[in-house]
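Following this line, the structures themselves.
Heads up, the next two complexes both have subunit A, just with different partners, subunit B and then subunit C.
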Partner chain A sequence: MDINAANQEAMGRVLTAQPVLVGVGRALDLIPGMSLDLILHAGPPITWERMSGPLRGAIIGGLILEGRAGTEAEATALVERGGVRFEPCHHHAAVGPMAGVTTASMPVYVIENRAAGNRAYSNFNEGYGKVLRYGAYSEDVLARLRWINGTLAPAVGDALQRAGGLDMKAMIAQQLTMGDEGHNRNRAGSAIFGRLLAPHLARGGLSPEVLEQVLRYFADNDLAVLNPVMAACKATMDAAHGIAGSTVVTCMARNGTDFGIRVSGLGDRWFTALATVPVGLYFPGFSAADANPDIGDSTITETAGIGAFAMAAAPAIVKFVGGTPAEAAAATLEMYEITVGENPAFGLPPLDFRGTPTGIDIRKVVRTGITPRVNTGIAHRMPGIGQVGAGLVRPPMACFEQALEAMADLAT
Partner chain B sequence: MDINAANQEAMGRVLTAQPVLVGVGRALDLIPGMSLDLILHAGPPITWERMSGPLRGAIIGGLILEGRAGTEAEATALVERGGVRFEPCHHHAAVGPMAGVTTASMPVYVIENRAAGNRAYSNFNEGYGKVLRYGAYSEDVLARLRWINGTLAPAVGDALQRAGGLDMKAMIAQQLTMGDEGHNRNRAGSAIFGRLLAPHLARGGLSPEVLEQVLRYFADNDLAVLNPVMAACKATMDAAHGIAGSTVVTCMARNGTDFGIRVSGLGDRWFTALATVPVGLYFPGFSAADANPDIGDSTITETAGIGAFAMAAAPAIVKFVGGTPAEAAAATLEMYEITVGENPAFGLPPLDFRGTPTGIDIRKVVRTGITPRVNTGIAHRMPGIGQVGAGLVRPPMACFEQALEAMADLAT
Partner chain C sequence: MPIQGEIHRSTYYDSVALMLAQREARDQPGVEDVGVVMATDANKEILRAGGLEFPGLAGARADDLAIVARAASEEEARAAAAFAMQVLTRRRVSTAGDAYRPKTVASAARALPEATIVLISVPGRFAHSVAREALDAGLHVLLFSDNVPIEHEIALKARGREQGLLMMGPDCGTAIIGGAALGFANQVRAGRIGLVGAAGTGLQEVASLIHRLGGGITHAIGTGGRDLSSAVGGVTMLAGLRALELDPGTEVIVLVSKPPAPEVAGRILAAAAACGKPVVAAFVGATVEPTGQVQGATTLEEAAIRAVQLACGTEAALPPMRSLPEQEAGRLSTDQRYLRGLYSGGTLCYEALVLLRPHLGAIYSNSPADPSEALEPVTRSREHTVIDMGGDEFTQGRLHPMLDPTLRLARLRQEAADPETAIVLLDVVLGYAAHPDPAGALAPVIREVREQASREGRHLIVAGSVCGTDDDPQNAGAQRAVLVEAGVLVEESNARAVHLARLIATRQGKREVRSMRKVVAAAAATTAWPEVGRVSALLGARPAVINVGLDLFAESLQAQGVPVVSVDWQPPAGGKQHLLDLLDKLEG
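Up next is the complex of A and B:
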């Protein structure tokens, strides 16, 4: 088993990936293995008993949205009598930010990796404040989700058809020259996404009132493109998964309780440890005491070499997650220590267009003692509240150590 | 005469400026002193005999657009028999990129400086390729201008009314965190401009076909926001003009033949010298032999402390104008040597949010031998062709030496 050759094969699949946003549809119709009694969530597998507040809150909201429960109490009772199955988004070629809760009726973006032929999916971004992905499920949160399901998603799907899809690799490359790192900062990408769709939305037969609402979604939401970016990263990394001998990390994800990773050459196994609380900046009125441990599938961006790995491109992000611009560049530089290579498609202007550090090698992580860096939002630890800040976090070293031991076991 | 106190007064007016894009209207109706027989142009005053090819081309196009001539020959004859008056945009509180040709029927953006109460104006950006501002005047160029006059401008004006105007200071501040420097690179700003207007455009009563065209203008044109940005800079610097004793440059502009500057404490006098050819990158098929000398009012951006002065914020621009990202940062750092102060509203992320170098002091320019840096487009030297490249240029030192002599004469 030649690990280096296997890692080069994995890297080749990452570098040649061609993720294209091809459309929008209903999770039940599109996501492989989706069913009415199934709720997908972020991170590695977890039982209801061990779930954190924001994940439980999002599940309660999802069950009310689906009409399977009328209240929090009904939703909880339904779960406790075994009426709901839970599986990770990642088991279904999907990803979701924060709680990542994806239910049958929800619309999803469809990304096709035209190099490898695989697809990946992500739900729609709800915007800021009290939102399901941070565990909020009040009536206004649900009303917003119904509007996304019934109005926004069909309009965007229709516009994407007329646009002939959207090249997400070119999108990400462009974002990285415009101060985005693609995880916590997606302002430029969302502006580009909105401006590209706008002329096609104009031809969708929407009333002026509805068209205004849809265009306002893109005008106001600096995270609109996050979910397609995440799905593009998922489609990219899935293509690099399953290569015998490869020590490249193809997934990092958190369910709010555990941080888990998967490795290309180690099949479907998860290597998990307890998630930690990010270090960051809190919104007025909140502090670290309110924070839930790290949560969400959005670490697929770092797994694919953007997010905190591309932080050098986004010095202004320190106003949101803390730190200094020099530390932003240092974050990227450090990640070259633990990656297999660089992605020339994603050139970082402040580093003279050097490609982003790409392809986390568990061997290098364990050898150097450097864990991957992650930029992230911070959820309140209680259900029903929402986002309380944003910051920086690293996965537990134990995940990488366990994976390396598993790789050693395979080799013997 | 306390020069330093006068310069602090000028700087104060720059730093407190509040340029807001308040609307759109017809040049004839809005620009002070505009008339049917008058054509405004970029740069200092110039006679037809001394005008460069692209400026002549744009004037020919402007006369055909206004219906004052049917052909190039008719336009030239009309000019040669004295039927057209020419004055700088800058004499009318206006600015225009490249040739800067602004005629009576053209729509203009209106910027109000809410701190000082003054207004400034700029025409609409036409997009890329064969365009009037680069001296092209073929039928497709004119058709595009008619569409801007008749369709785009009214729609944008209407949307701006519904939006309640647009804070250009906040816009520029945001651009500088998104890889724009506000002169040659306005990709992020144009995307934001488009996304902010889009929901308001949806309510303008336009047919889907026309709305699609208007939204496509914003989707395709990375310079859409350049003209309002220039007018915002003009409204800012006009407020700092006319302070007795101030050696702050309030205007730098080129007509394609001469580079001219004006100084706050030196009234309406221009200090000019022959413009030079920018050093830069050429589009395929063109070279420096095709280039016209430096042209346009867009140097108002550098005068106000953005453009090349903010190049540290836009490392990716070197792919367009030449050089390396390190040189982009060095360009900004050098400009601190010749400026009165820094603008904290325009923090540069790569320089730890240091404010842009602002307020060129002619004394410092002459003493250090450092002339201002300018990012610019390059026009073909012949009329009727258009843009051939983009690059970097500096004004002639003679402009600053003459101005300093004039200041010395005043003091004696």
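Up next is the complex of A and C:
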């Protein structure tokens, strides 16, 4: 087994990936294996008993949204008598931020990787405040989801049709030169997203009131592009998965209880360990005591070489890494120590347009003792309260050590 | 006395950082003893033996940091422990700064693209993979680390040879490449003499004496102490010899070593004879049969003198011996019969042994010239004794005496108190990375013990030499003056100090033994030269260095204005052996 050759193959597939946002549709219709009794969630597999507050809250909200329960109590009872199946988004070529809860009737973005032909999916971003992805399920949260479902998604889908799709790789490359790192900061990317869609939305025959609502969604939500970015990363990394002998990490994800990774040459196995609480800055009135352990599929961005790996590109959020642009550059430089190569498509201006560190090699992680950096939002540990801060987290080393052991077993 | 001990979980510092912190904490008020160590089983044993056991030590693991202090009061013990931790963290902060410190050789090479040499001083068991990474990246290596398994040395040198790269070490303490002093090395004038040496302080002594004699050097290439063993076969010395042969600036070549394995010496000397430049071979303790342009030298001093004569064409000589041995010896009491050598330089110690034995008989030592003269236990001298204080017996968990004089000072007091001691023989080794003022550390103790002896009716003679140049950071002239002021009979070279000591000691009783000098001669057949094109390129320019391990070496390179990048090295896989085994398997 030639590991280096296998990793080069994996890298080749990452570098040549062409993720294009081609459209919008219903999860049930598009996501492979989706069914009415199935709820997708972030991170590795988990049982209801072990789920954290925000994930449970999001599932309750999802069941109410789907009309399968009217109240929290009904939803809980339905789950407890086995009426709901849970599976990771990652098992269905999908990703979702924070709780990542995706139900059958929800609209999803469709990303097509035009190099490898695979597709990936992600739900819509709800914006800030009380939102389902942080476990909130009050009536206003559900109303917002219904508006996304009934109004925003069709409008965006329609605009994308007329636009002929949106080249996500080019979009990400641009946002990295405009102060985004693609995970915690997506302000520039969301602006580009809205700008590119705007003329096509204008021709969609929407009433002025509806058009205003849709445009305001893009005007107000700096995270609007996060979900398609994540799906683009997912489509990219899925193409690099399943190469015999490759030690490249193709997925990192958290469910609020466990952190899990998957490795290209190790099939569908998850290597998990308990998720930790991110180290970060908290919104006024909150502290680390309020924080839920790390949650969300958004770590797919770091897996694909952006997010915290592109920290050097995002001077506006250097407070998360100590406060100076030099520290932000150092954060990216550290990630080159554990990656197979660089992605020249994503040049970082502060590093003389050096490509982002790409393709985490579990061997390098274990040898150097450097775990990947992850930029992340921090959820309140109680359902329904929402985001309480943002910061930095690293996966437990145990995930990588277990994967290394599994790879060594295969090699014998 | 109260003891304050603490365990810091999963906190790694390299041993020199720990020992420097230990040394500084020991100087705190009221402190009797301090231990600052990684809690390995061996170190825990050392702490226990030193009466520094404390609750929690037993349960600490090898990747935990243990800090313990014993002091007159509990407060002072606590303060000393806290101070030690401060010293450790202070060092970290001062070297980190704002800029990124690379964690691997590969990223350091990216940060310093002009780098040509990687200077490695990580613990021996981890050295192979770092050196291998460097060679694979096309970089020359100076491997300072000792305790590297010989099979690793053989493999690394084979790889170096294959790649046309210079693999200096393991256990290579000294090199001067393109004017840059790497490891423990001196500031030596540029000139026409090139050196290759398997003996660190041997190289330092020859290079410093060349400077003293008005000559200068091109390069001093280190090979590591085992290079001329049968198992390793002189790979690096051969490459160094070849590179100096091809080096246009080098007109004379000096080879320095303890006695090599005879067949390896044969190969090296045959190659030297074929190289077309005059070669002086100083295989301390062995006689070299002259062949063609190759001549031998009995002492390191003689090697320097011959080399300078060959390079400059003029008679070179050191000033005559200053002391009057007869007069000194006449002041000894009848009981004062023995010589006690306390060396910090291994080769200098060995040179003393081989020069003294033919005249004084058995010389007991921790690195004896003959196994029958092994000093047991090493803590107690016996008759004529010459000790290498840099030997493993004295450096377990401690700094080398070239960095920390504490242990040698204690031993000096011990020898001085022995009524049978006639003369104490010392070396003082200067240069980059060495103690900033070794003579200044020795002088007060020398003065004190000589006065004490005199009160007891004894005349205690202390003789020695300073290995170094006036251009060294410590300034050899100033260091000599400090020693002379303290009453030391300071000679121009180690060989001369030994000679003086010998003349005095033989006055007190001669026990000549017929000792068989090893004779080595060139082999009949010559070995094929290795390809050294990249070594020539290295020698052709001032080096730029990637430092992996002791910050000390990076700081000394910075002081010399040599471009250097330090790798923020941590034990791979947290030092967990089973993971390292898996990685070896998966990295092939």
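Some observations on this one:
Keep this in mind: the second predicted complex is superposed on the first by the 407 of 412 C-alpha atoms of A that agree within 3 Å, B and C clash if a C-alpha of one lies under 4 Å from a C-alpha of the other, contacts with A are read in each partner's own complex, and residues count from 1 in each chain.
Assume contacts are C-beta pairs under 8 Å (C-beta built on N, C-alpha and C of every residue); 3 or more make two chains touch, one makes a residue touch a chain.
Predicted model, so just to flag it, every value in this text is computed and none were measured.
By the touch criterion stated above, A:Asp158 is placed in contact with neither subunit B nor subunit C. When both complexes are overlaid on chain A, the residue A:Pro199 reaches subunit B alone and has no touch with subunit C. More residues of subunit A lie in touch with B than with the remaining chain of the pair subunit B and subunit C. Shared-chain residue A:Asp238: touches no atom of subunit B or subunit C. In the superposed pair of complexes, A:Thr324 makes contact with subunit B and with subunit C alike. Once the two complexes are laid over each other on the shared chain, residue contacts for A:Ala191 go to subunit B alone; subunit C is not touched. Once the two complexes are overlaid on the shared chain, A:Glu181 sits clear of subunit B and of subunit C alike.
In the superposed model, A:Thr247 makes contact with subunit C only, not with subunit B. In the superposition on chain A, A:Asp290 makes contact with neither subunit B nor subunit C.
Subunit A residues in contact with subunit B (one complex) as well as with subunit C (other complex) are 324, 326.
Chain contact summary for the complex, subunit A toward subunit C: residues 3, 247, 324, 326-327, 329-330, 333-334, 336-337, 363, 366-370, 401, 404-405, 407-408, 411.
Contacts from subunit C toward subunit A in the complex involve residues 98-100, 102-104, 106-107, 110, 570, 572-574, 579, 582-583, 585-588. Within the complex formed with subunit A, the residues of subunit B that make contact are 177-180, 187-188, 191-192, 194-196, 198-203, 205, 208-209, 211-213, 215-216, 218-219, 315-316, 318, 324-326, 349-353.
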